[in-house]
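Presented below are the structures under discussion, each in the form of structure tokens.
In what follows, chain A forms one complex with chain B and a second complex with chain C.
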Partner chain A sequence: MKWLTTLRDARPTTSRALGITLLTLLALLITFRLSALDDAKLASGAAIAIVVVGLSWLIGWSGQVSLGNSGFMAVGAYVTAIWANHHATTPIFVTLLLATGCGALSGLVLALPSTRLRGPYLAGMTLAFSFAVVPLALNFPSVTGASSGLTLNFLNAPSWFAGLFTGPQATVNANAQWSADVAIVVAAVAFFFMANLFHSRTGRAMRLIRDNDVAAELTGVNLPRTRTLAFVISAAYAGLGGSLLTLLNGSVTPQTYSIALSILLLTLMVLGGIGTLSGAVLGGLIYSYSDNLVSLVNKVTGVNPASTFGANLKGIVFGALLILTMLLAPRGLVGLGSQLVRLFAQLRNRT
Partner chain B sequence: MQYIYQGESSMNHQRIHRAVKLVSASTLMLGMLSWGVGLASSASATTATPGVTAKSVTIGATVPLSGIAAGYGEVSAAAAAVFSYVNSKGGINGRKINYLRKDDCYNINALGCTAGTGVTTLSQTQALVTQSHVFADVGSLGTAAQGTVLNYLNQNGVPNLFVNSGSSLWNQPKKYKGLFGFQPSYQAESKVFAYWIKKNEPLAVVGQIGQGDDFGANGLAGLLAAHLPIAKANQLTYDANVTSPTLAAGLIQDISTLKANKVNAVVLDSIPPVTQAILKIAYNLGYSPQWLISSVGADPISVATPLEVGAITLDYFPSTADTANSWNQWVTKVIKRFPAARADFPNYFTGANAGVLDANMLYGASYAVAFCEALKSLGKNVTRAGLLKAMTTVRFATPSQTPLRYSATKHQGLLGGSLAQIIANTNPASNPQYIKLLGNAEYTTGDTSTTPVITAAPIVSPIPGWLS
Partner chain C sequence: MSTLLTSRIMTDVFGGITSGAVIALVALCLVIVWKSTNVLNFAQGAMGMFATFVGMNLVFHDTNYWLCLVLSVATGLVVGGLTERVLIRPLYGKPEINPIVVMVGFLGLLEALVPAIWASSFNTVPSPFSQVYFQSHGNTVLLSPFVLYQIALALGVMLVVALLFQYTTLGLKMRAAALAPEVSRLLGVRVNRLLTLGWMLSSGIGALAGVIVSTGHTLDATNLDGIFVSAFIAAAVGGLESPLGAVIGGLLIGLAQQFILNYWSANLAPLAGVIVLLISLAIKPQGIFTRTVTRRV
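So, the complex of A and B:
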């Protein structure tokens, strides 16, 4: 294993690229084994993971709290839908980049006043943005389609990929898996950039600001610029995630991007583990399979899913999980892993 | 481990070590590759058409069974009753119809929706297509809800028949070859309303309250296409996605506006619970204009308030009070024989409206009958291409009094209906309100200002022998 460590130290970027490529290949292979429905779940999980990692970066590394990321997602989502409706032939990766750019731009606009604010005031400001998105979308029907939203084509598997599938459900399976594979690759690229960002000069400056902004300023870190940059990057990731989600859902409606989504993103981030890549991946997976989790809770507790209580169970389960995580594993599921390892080591040392 | 490899041989050992690792890693990767790709070739199944076996045809629909539009649950339940009846007589050409109804809560996962967490029209449609392998999507409901999945069904080659909505979205045969609507477009409906207003209330100041999606927008477009002058201030919308108090607050504001502007003919493009709320709020504000209510929001049993009496609506079915009508009798029989009837038609078995058909039941029965007729025309060889061809060639016989005809260029469905009025029932033992057809005429028209409203005699299609 020493060559691995050597590689990591000598060429960190290459080794990160290698690691992420291997994991991506593994994920792509897994999609061949999954049902078309699981493919769809995994794909939306990948899109959410991108947003969560952007949020994780903002909150975990720069220490700024944002409740506005659902709004940035909406920007990416609407840009994608509007663009796709007018330019059907644009390659999806160009559309994704465009949405990412627009997300970043909206982040910049909001960041300029926001960087003067701290803590709850900053959260309040981003909350206001989040609240404004739905009415904005509803009041420009010619652009946004009001509450019907906009529809666009779903991702279609290219013929070389569709050729891998046979049988009556070939088209359905090929399209579902193609969507999942595209989402995984996009998420992988996003995670690769974030992994490098974490360990960059900006990343270190960011952590310093989070822990002690006076010290950071004394060492020559430009506070407003670094804070703004953190915001812009987080918004860009949200824009990318929203764009991907729109391509996967084939439509965008304002209700999808309500304030509830921002809260959900925060919850997923905390459950996975703040400020970590693997935590964001876990957050995405939790998002994908939370329905299965809730129906499991339904089954175990015997709550009728058709009752009003049953219909609200998701909120209750998520709330309980959030409280438990904050109490027992403040660093999320990822932190819980290392907590357990440490506990195990302590026990072994004692004997 | 490193201390074992000391001295000069250490480098060689390391190289060997690395080579072994590389080889084993690549073997592992290759293994996984073959494991993954293995599925692609093993995915083939025996039947050529999804959802079709020698003994059955599986079809599905995404419909609101809970949530804000749960009242429409009766529509697909009536269709299920028809399929159950047809199955009891041996099915169509020896195949039984398996009808899967998935609750999508009108794509509004709130307000009493019990379909499950994260459920949307798309997720339920995906489940129907990817898990249940449906042959076709038949009778799914809701303008905005179905708007989110028409591309999905189209791209995956799944026929999407008889969408329960009057949006003109379903009438795009060039773009969506497999997509068919059922009821008249909201534009056509509004044009018939405009025809009535010009004839009966020529001096009326007209206003509209529409649902804030294509339902309301198409309704308004029809009124404007008929050259009805409607001031901008009297073109109002509501958002169905908000909580009841917010919705009510918005409606109070809208109705106060109409009252202040002295509007005396109001067209409603709203779903039944919202129609009810509007009528009650108007009553509380002392406002009583002539109401003209879209067919989908006017069913007197769903709206369930005597305040609706006097309202004008469009009805493309025989009057539900016409107990002598042969289709009404047939639908009554079909519903009574349906095993799940008591759960699916609560109003039909208890309360003031027991034993009375409503427009929802006739609606669901009509598209189910039409689907059976299309399927029957295919004979033994059931394919999706054959079904789509049958849709444009079969001359459907349904309870509707307007002909149901599609062509290669027209996928809307019914082109109009009868003007009708909500009437108070004098017999206190039966339902308090019912729909009475005005005159013996059908009004058909197209979506645009250039197509005139044409008057014709209503048709009564005989019930096919194999159905009765």
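So, the complex of A and C:
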């Protein structure tokens, strides 16, 4: 396997592209075996994973905490819905790019004064922003459709793709799988850019700022500009994720983008592993299968899902998981493996 | 006189002061916790409502209002102390995002736990005072004994806290522990206990804020959510270090939101807070009521 390491060192970008392409092809092949329901779950998981990786970049690499990414998602989502309703023939990737740009722009507006702030101030500021999003959407019913939101056309599979499917549910299956495949490809492209960003000059500068901002400044890193850039990129990813989610759902409602979503995003990121691509993928998968996870907890604990306790079990489980992960395994599922190995080695050495 | 008291402006002033007093109270809690442990307590509102539920839910089972109030505050004290000991203490010296994430998790946990334990009943907590507005020459003044009670309770607690910190040995020790923990430790102050006490105090006051907003209102886990966000804005505008700044900021935010709500739109009130914060931070990032301090490397 020596040629693999040689390739990785000599052509890092190419090897990242190859790696992500292979994983994407694998994921696309898997969608052929999945039911329409699983396809839908996977698709929304991919959209959420995009937002999570943007948040992971912000928190893990630049050390800034944002609770406003649900707000940036809302920006992307509404831009998508409004645009799609006026220009129905626009190719998907143009709509996605437009929403990404708008997400970035809204991030810039919020970042300009906030990135001069440290940790808790920024977190609180972004929290206030995401708290204002739902009422803001409700205030302009003619644009946003108030609490019932907006609807748009679903992603329908093109005829060449639909032709691959036969049987009674052919159209449903084709559309579901097409949505999942589109989402996976978009997420793959987003992850590819992020993988390169992690190892770029900006990425390295970002890590230095996180660990020692004075040292960073002394080595010539422009602190406010780099912090703002980190924030804007994170907001752009949130805009993209919100846009993709809207295209997949065929609708947007303001209540989707409440503070609860920001908390959920933070939870998914921490559970997966802060600052890693694989952690964000895991976060997306946890989102996809969170209902299954909760019903598993239901079964194990014997809580009746129809009771008031059962209805709130998801929030309880995720809240408890977030606290426990941060206290016991701050590197999340990704870091859990190496943490266990180390623990095991320690125990063996002791005896 | 009658025209002034019942005019639209004065109506808004009374309304603004009522909500502003509660915002100021929660902002004060945030400042106490921030000064003692450098943690922004994102679960402040949720912890307050949890404690409020423990006490105030008994009102619906024919328990005396004042007994419930005392029980709520006592629960708040215990919850605050436990939170510091169990969730925050292991994180001292860790990156500053760790306690933020943990408290956000606690917020999520409590907001799910409260409706899980006490199924939402939409019962209104009865007020111990009349909610009938005063009349002045046949016109309504937007003040009632109940509103005065809310304002007096909030301002009274603030006064007690100010006296505690300014004029008692305990308050002096708490300020010393927050300002210079190592020196205080050398001088025999039991710093760790005082940090716990700071959390207990702010959580107890938070419970009282929960009781104030829930009296004459339905008991709901999210009653303090909007107030928490406003309180954070108030504390940040004043600079998280300054109790007086937080209180003044809280009253101003309350008034500003009331005016926007009445003259513009209720939906834009939260956005107004964000804009106020953006502007004030752009002008003076460290807060209006704090001296600029240099950070030691």
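Brief remarks on what is shown
The rule is simple: the second predicted complex is superposed on the first by the 340 of 351 C-alpha atoms of A that agree within 3 Å, B and C clash if a C-alpha of one lies under 4 Å from a C-alpha of the other, contacts with A are read in each partner's own complex, and residues count from 1 in each chain.
The rule is short, and it goes like this: contacts are C-beta pairs under 8 Å (C-beta built on N, C-alpha and C of every residue); 3 or more make two chains touch, one makes a residue touch a chain.
The model shown is predicted, which means the values in this text are computed figures rather than measured ones.
When both complexes are overlaid on chain A, chain B and chain C end up sitting side by side without clashing.
Residue contacts after overlaying the shared chain place A:223 against neither chain B nor chain C. In the superposed model, A:308 makes contact with both chain B and chain C. In the superposition on chain A, A:253 makes contact with chain B only, while chain C stays out of contact range. Shared-chain residue A:138: touches chain B and chain C both.
Of the two partner chains placed by superposition, A:97 touches none, neither chain B nor chain C.
Contacts of A:336 after superposition on the shared chain: neither chain B nor chain C is touched. In the superposed model, A:105 makes contact with neither chain B nor chain C. After overlaying the two complexes on the shared chain, residue contacts for A:175 are found with chain B alone; chain C is out of touch.
Rounded to the nearest 10, the angle made at the CA centre of chain A by the CA centres of chain B and chain C in the overlaid structures is 80 degrees. For the three-chain overlay built from the shared chain A, the minimum Cα spacing from chain B to chain C equals 5 Å.
Chain A residues in contact with chain B (one complex) as well as with chain C (other complex) are 138, 308, 311, 313-314. The part of chain A that touches chain B in the complex is made up of residues 2-3, 25-26, 28-33, 35-37, 40, 138, 141, 146-149, 151-154, 156, 164-173, 175-176, 249-251, 253-255, 290-291, 294-295, 305-308, 310-311, 313-314. Every residue of chain A that touches chain C in the complex is listed here, in rising order: 59, 63, 65, 67, 110, 112-114, 116-121, 123-125, 127-129, 131-132, 135-136, 138-139, 214, 259-260, 263-264, 266-267, 270, 308-309, 311-316, 318-323, 326-327, 330. Those residues of chain C lying in contact with chain A across their complex are 34, 39-40, 42, 87, 90-91, 94-98, 100-102, 104-113, 115-117, 119-120, 225-226, 229, 232-233, 236, 240, 265-271, 273-274, 277-279, 281-282, 285, 297.
Interface residues of chain B, counted against chain A in their complex, comprise 2, 14, 18, 29, 32-33, 35-41, 43-45, 47-50, 66, 107-108, 112-114, 116-119, 122-123, 126-127, 129-131, 133, 143-144, 147-152, 155-157, 212-214, 217, 237, 239-241.
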